[in-house]
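Across the two complexes that follow, chain A remains constant while its partner is chain B and subsequently chain C.
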Partner chain A sequence: MSSVELLPALLVAVPILMATVPIVLGLRFDRTGWSVTAITTAGVFAATAYLAADVYATGPVVHVLGGWDEPQGIGIELVADEFSALIALLVAATTAGLLAYTRAGGPRGNTFYAGYLLLTGGLLGLTMTGDVFNMFVFLEIVGLGTYAMISSGDGPESAVAALKYLILGTVGASLYLIGVGFLFMATGALNMVVLGDLVPELMAAEGEPTLLRAAFAFMFVGFALKVAQWPLHTWQPDAYQHAPDGVTPLIAALVSTVSAYALGRVMFTVFGPEFLTATPYLTEIVVTVGAVSVVAGSTLAVVQLDVKRMLAYSSVSQFGLVVAAYGLVTETALLGAIVHLIGHGMMKAGLFVAVGIVALGYGARTVDQYAGLADERPVTAAGMAVLLIALVGIPPSIGFIGKWYIAVGAVQAESWLVAGVIFLSTMLTLAYAARLLEKMYFTPASTLESPHAPEAVATDGGDVDADEAPAVAGDGGLLRESARRGSPGAVSFGMLAVLVTVTVTAVVLGFAGGAFGDLLEPFVSEVFN
Partner chain B sequence: MAEESVLPLAAVLVSAVAVFLIVASYRYPNVREGWSVLAALVKFGIVASMLPGVMDGTVYEWSLADSLGVEFLAGIDFVLRADPLGMLFAMLASFLWIFTSFYAAGYMRGLDEHAQTRFFASFAASLSTALGIAFAGNLVTIFIFYELLSLVTYPLVAHNEDDEARIAGRKYLAYTFFGGGVFLLAGTVLVYWLTSGVDPAGEGTLAFETGGIELLAEAAAAEPVFAQAAFFLLIAGFGVKAAVMPLHSWLADAMVAPTPVSGLLHAVAVVKSGAFGVARVILEVFGPGLIHDLPLSVPGVGEVGLNVPVAILAAFTLTAASIIALRKDHLKRRLAFSTTAQLSYIVLGLSLLHPYAVLGALFHIPAHAFGKLTLFFCAGAVHVETHTDYVSEMAGIGKRMPLTMSAFAIGAAGMAGMPLIAGFVSKFYMLIGSGTVGGGYWLFAAALIVSGVLNVAYLWPVVYTAFFESEQRHDAKPLLEFPPGGKRESYDAVATDGGERVDDDDDERAPGGQPRPVDDAEGDTEAKGAGTPLEDDEDDDYEYAVDQYPSDADVPGGRGDHEDHADDHHDHGDHHGGPPAGGWERRSPFAESTWLMIAPIAVIATGAVTLGVVPDYAVFLELAIYIVEGVFDVDSFDELGGLSLAEAVEVIDE
Partner chain C sequence: MIELLASRYAYALMFVLLGVGLYMMIANENLVKKLIGVNLFQTAIFLFFVAVAYVEGGSAPIVPADPNPGELAMASPLPHVIVLTAIVVGIALTAVGLALIVRIYAEYGTLREDTLREVRADE
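The block that comes next holds the complex of A and B.
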């Protein structure tokens, strides 16, 4: 076994093992969590980059855990192929980069970083597992890490949001597990590649494989919950909004993204295009769920007052685009879905980092409070503006590339309804993005003194200035400033550096449409042949 | 022949670099404006340096894949190429930018505007994207710059940061992104899909080809319905910026932007990018031949070419917009509707497909640009010097601003298509074109002529009131002041009513004196021009006063209460339009404004005359002829003379 083949196992095991270190060290030292996490994630990132380079140069890397090859179909494998390597890179880069924010922005504490590392390991495991049962295990690890992260916020809302995700997330994972059970009954195998071969055989033998269909149905609903598709999205806005600012980028960029990746993996590697297209109404249902989520998510985003909540609903809509693209079952659409997964993860991470910076340095949490932001915090506002524009899908940006491939895929599939939704999604995204842009750049901060002061409204979203609102309403501008609890000094250079890096990357990758196509071509064409 | 060259990219990037320099030197206004001017000069220099080569048949091309090895999208390159059609637009935009950057400096300083750095930075960025549109070598590249243009002009529209500007900005974003992000993208994807369906290797093609993309013609034969859908989506996408009805209403609202923006962007760069895009689609994506032969079956009429619906829409727009313009009291809004009408000339000419009409349409791009830029510059100069925005307040203003108003007269004559001014040449060719086609196309010729008359009707009164009327005595303006269709009152009442108002006007004003959105054009409040001075304190005896002086409200020092001007854009609430107490002072042409504003006006007006008197020697007509020769694939334009449309289309196929 060469050294590269060891990497997948190490990438999963090391963060999970290291998760215990901050707690152990915490017995003696107060603040070791960040350093341990920084070293670990930096190492993980370097290793992932090395692994990815190898994957794109020579093809998939497979690690058979424990060297237990036999019997075929039950031994556990970790696989880094063209698809999972890209997602693993996103996970590693985000977890490492976000530390620059949490260093000064919090949350702090050794137990927090223990959860952080656990989540990192779980996400990487979910990304690289080659086994459907193991996928369930990692889904649960990711779930546990996420509950811990969300509840590390200091208000009661965080606890409620975490509990909500705990309940709904577990239901989702359980549904998935039931699906795995059916699949195992039907085929007797758990390994994805083996399943990928068995499913078509079974279809040919039985014609109407009821067990397979049931398995798919359970798995899809389970994932729809995890990915937060309408109407199963209700945990997500609460979770994003009430998680600490330092955590939201992580869960927004990664947790749903990796779940959506897992859905894609199950749909295309395990069941395969043949099953998807042969089963009546299957693609129609998947596409409808996605398309409805696009519309519903954007509509709900437009009416939100709280910026984090708005961006959370935006995620519902963007993942809808990905799921709809899965449902189209064409090569180009799948490529688009993968690119959009990466792109959306990046852009949302950047946006939530920006939201954190604004909350920290400017004290603004609602859309109305963002008025005049461009003058106060030009770099943050500019970064946020560019990312929002990229999210709308204006070229050159990674947001456009994903949308282009998905749109081409929809037209190739001659699925005009989806094509229409995808083209209109520009306008839907623009509706909430422009709202924020206009506030930041073209609304002077002083307009907040109008009689219809937004303060009263503002309080419901953020717990922050609930107690100050009456004072503010009593006296206009002067108190208003003090009501902003932001302290510009709290914004560190690292935070801005992360934001700027993400922003520049999102634009530069806008020229990499061809490169993405080349990188993913082996995976996509293998799925469809 | 195509030659690899970095020049097209450089032309695009010059002003993008200038954006950074402008932002960096925000503390030093002179340095900042210096960058604008320098970038404009360099940009024009780069574009002009390519002109001789292009006229000799060289196409300068820069592609991302060839130069850096980066593929923009799988199978699609990011290409900038300077071909004749692109050069036409690029020459125009970069040339006019030079003078606009002087004018903008004068204008912004004259009004002491806020956020000037953002303004100049966005302006430079707009020019960058406009050149990108001009040089884009395929549909994806043009889409990129088209979207970016919408984006960077948004700060200019919303510049004033008040409610009116924000609402206009929202409308602007909604319209332009619907056009770009939805229609244009959908059309592009459809073309890609159609061409990849017939390509043996399954690769779609989106690159512009003179006379139309060949693969697309093949695909259209197989899938006519989708080809038609793609055509209309692309036309609608570009039609939004070209303000073809019913997608025009953003344009008049966008006039809240500072006047240099209205002038260069909303009369030249932005709207022309729409018209230019229509030209690309008609001439180089589908090609006149395919458009003519792709039958669209209309119930009750039979099969018609794809161009006919577009032509009908354009003809309707140019007539309707001219009629609406008659009733606009706000000068910039009147000019905006004039722009809407004139852009439809271009779209109409292109959609007639006949070589002469196409030539006229292409030449109308620079002809209209010079004329309309003159008009907007004049409107802006009047605004800066006297804060007068309404035609009804301009009586006698010729004394105060003789040179400006003379230039205005030239521009107005050009719009109306008077001989010796640029607008005549283009309209002449278009008339020949539509006449030669014959058949039902006489209707389009008639629309062109009627619109010319209407042009006189709405622009001449401005000149007339400026030079031939005085502050104290001027005629009533029934067209502006009466509800549509005239007043239902006795003759006597009408006779007394030269004055500004009748009681019920008050009720009909939009609440708060806010100007109504422009699509409300039928409402007589709007037509009256929101903010036309009303006298509020004259209720008791106005009948007598009005009897004596029909336009009493306009009398200097009049009791007219100008409160509602506070809501007016550009206004800081501390000045009002109209003549000062004691009437306009008389000034010499050289002292009426700063040189920063007078010189550009004089130069552009001279340009409009030059294009009209010796079009052969000004480069634009030559370029336009060269483009048409290329599209119809003939060696000399004379070969196309006297051909009917069907014959002309045959020429392409041979």
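The block that comes next holds the complex of A and C.
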């Protein structure tokens, strides 16, 4: 076994093992969590980059766990192919980069970083697993890490949001598990590649494979919950809004993204295009769920007052686009879905980092409070503006490439519904992006001086604005009033560096449309061979 | 229909349990009972897997030490292993859920969701 083949297993095992280190060291030292996490995630990022380079140079890397090389398709494999390597890179880069924010922005504490590493390991495992049941286990590990991360906020609201997500997330994963059960009944295998071969055989033998259809239905509903598709999205805005500012970028960029990746993996590697297109109403339902999510998500985003909540609803709509693209079952649309997954993850990470910076340094959380931001915090406002424009899909940006491929795929598939929805979603995205841009650049800051009713209540309540507590605690006994206005000193260079890096990358990758096509070509053409 | 129920009662029972769990999760206002509903929901799935593994006339999947055991009829061990793993995952989830409920109770002083909604609306 060459050293590269060991990497997939190490990438999963090392973060999970290292998750215990901050707790153990915490018995003696106070603040070791950040350093341990920084070293681990940097190592993981380097290893992932090396693995990805190898995958794109020589093809997929497969690690058979425990050397259990059984041909029946029940040994667990970790697979890094063209699709999973790209997602793994996004996971590794985001977890490593976000540490620059949490260093000064919090949340702090050794247990937080233990959860952070657990989540990293779970996400990488979910990305690379080649076994449908193992995927369930990693879904739950990611879930556990996410619930812990969300509830690490100081306010009591975060615990309520985390519990809501826990109950709904568990139902989603359990529905997926029922699907795995039906799939196992039908085929007797759990390995994805083996399943991918068995499914067409079963279809040829049976004609109407009821078990397979039931399996797909349960899996799809389970993932729709995890990916937050309308009308199963209700956990997501609460979770994003009440999670600490340092955690929201991580969750928004990765958790739903990797779940959406898992859905794509199950749809295309396990069931395959043949099953998807041969089953009556299947693609129609998938496309409709995605399309309705796009419209409902963007519409709800337009009416939100809180910026974090607005961006959370925007995620519902962007993932709707990805799911609709899956439902088109064409090469171009699948390529677009993958690119949009990566692009959306990056842009949302950047946007939520910007939201965190603004909350920390400016004390603004609602759209109205963003008035005059461009004058006081030009770098943050500029980064946010570029990312918002990229999210709308204006070239050159990665947001444009994803939408472009999906749109071309929709036209190729002659699915005018999706083509129309993409156009509509761009308009609606522009509606909420423009609202924020207008406030930041064209509304004078003086409006902010007049006290806003909700904010005043929150300040008097004492507990509700606990999200801002890190800023207050960090500077030791600031007055309430100045806490509302934020403390520019709390914004570190690292935070701005992350924001600028993400922004520049999102724009530069806008020129890399062809490169994405070349990188993913082997995977996409293998699916549709 | 009756015949189907008589031969497949394990599956029918599983979906009834699933429904009970789901109903508890949705309709019960008490957070702890909601979590019990989640547990019931998961347990139904475990029973489903155990039922899948059953082989008529089969024994427990323990291969005797005899080097040449001959023809053996036994239940499939793989779903059992899956259930074992899923139980562990379920316990971890319950633990996290209960920890969150303890915290909610400490902050709001209630376990009922309707009261919680009122308390949060007042703030």
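One rule holds in what follows: the second predicted complex is superposed on the first by the 491 of 529 C-alpha atoms of A that agree within 3 Å, B and C clash if a C-alpha of one lies under 4 Å from a C-alpha of the other, contacts with A are read in each partner's own complex, and residues count from 1 in each chain.
We take it that a contact is a pair of C-beta atoms (placed from the backbone, for glycine too) under 8 Å apart; a residue touches a chain by one contact, two chains touch by 3 or more.
Keep in mind it's a predicted model, so treat the numbers as computed, not measured.
K.L.:
Scan A:151 for contacts with chain B and chain C and give back first, second, both or neither.
P.N.:
Touch status of A:151: second partner only.
K.L.:
Determine, under the contact definition given at the top, whether A:185 touches first (chain B), second (chain C), both, or neither.
P.N.:
After superposing on A, A:185 lies in contact with chain C but is clear of chain B.
K.L.:
Return first, second, both or neither, reflecting whether A:56 touches chain B, chain C, both chains, or no partner chain.
P.N.:
neither
K.L.:
A:143 in the overlay: touching chain B, chain C, both, or neither? Say first, second, both or neither.
P.N.:
After superposing on A, A:143 lies in contact with chain C but is clear of chain B.
K.L.:
Go through the superposed model and pick first if A:528 touches only chain B, second if only chain C, both, or neither.
P.N.:
Neither partner.
K.L.:
Check the residue A:160 against both partner chains and state whether it touches chain B (first), chain C (second), both, or neither.
P.N.:
After superposing on A, A:160 lies in contact with chain C but is clear of chain B.
K.L.:
Given the touch rule stated above, what does A:430 touch, chain B (first), chain C (second), both, or neither?
P.N.:
Only chain B is touched by A:430; chain C is not.
K.L.:
Would you mind listing the overlap between the chain B footprint and the chain C footprint on chain A?
P.N.:
No residue of chain A touches both chain B and chain C.
K.L.:
Can you list the chain C residues touching chain A in their complex?
P.N.:
Answer in residue numbers: 22, 25, 31, 34-35, 38, 41-42, 45, 48-49, 52, 78-79, 82, 85-86, 89, 92-93, 96-97, 100-101, 103-104, 107-108, 116, 120, 123.
K.L.:
Quick check: in the complex, which residue numbers of chain B touch chain A?
P.N.:
The touching residues are 64-65, 70-76, 78, 140, 143-144, 147-148, 151, 155, 158, 161, 165-166, 169-170, 173-174, 177-178, 181-182, 185-186, 189-190, 192-193.
K.L.:
In their shared complex, at which residues does chain A touch chain B?
P.N.:
Residues 335, 389, 392-396, 401, 404-405, 407-408, 411-412, 419, 423-424, 426-427, 430, 434, 438, 441-444, 511-518.
K.L.:
Within their complex, state which residues of chain A touch chain C.
P.N.:
That would be residues 74, 133, 136-137, 140-141, 143-144, 147-148, 151, 156-157, 159-160, 162-163, 166-167, 170-171, 174, 177-178, 180-181, 184-185, 190, 457, 461, 463-464 of chain A.
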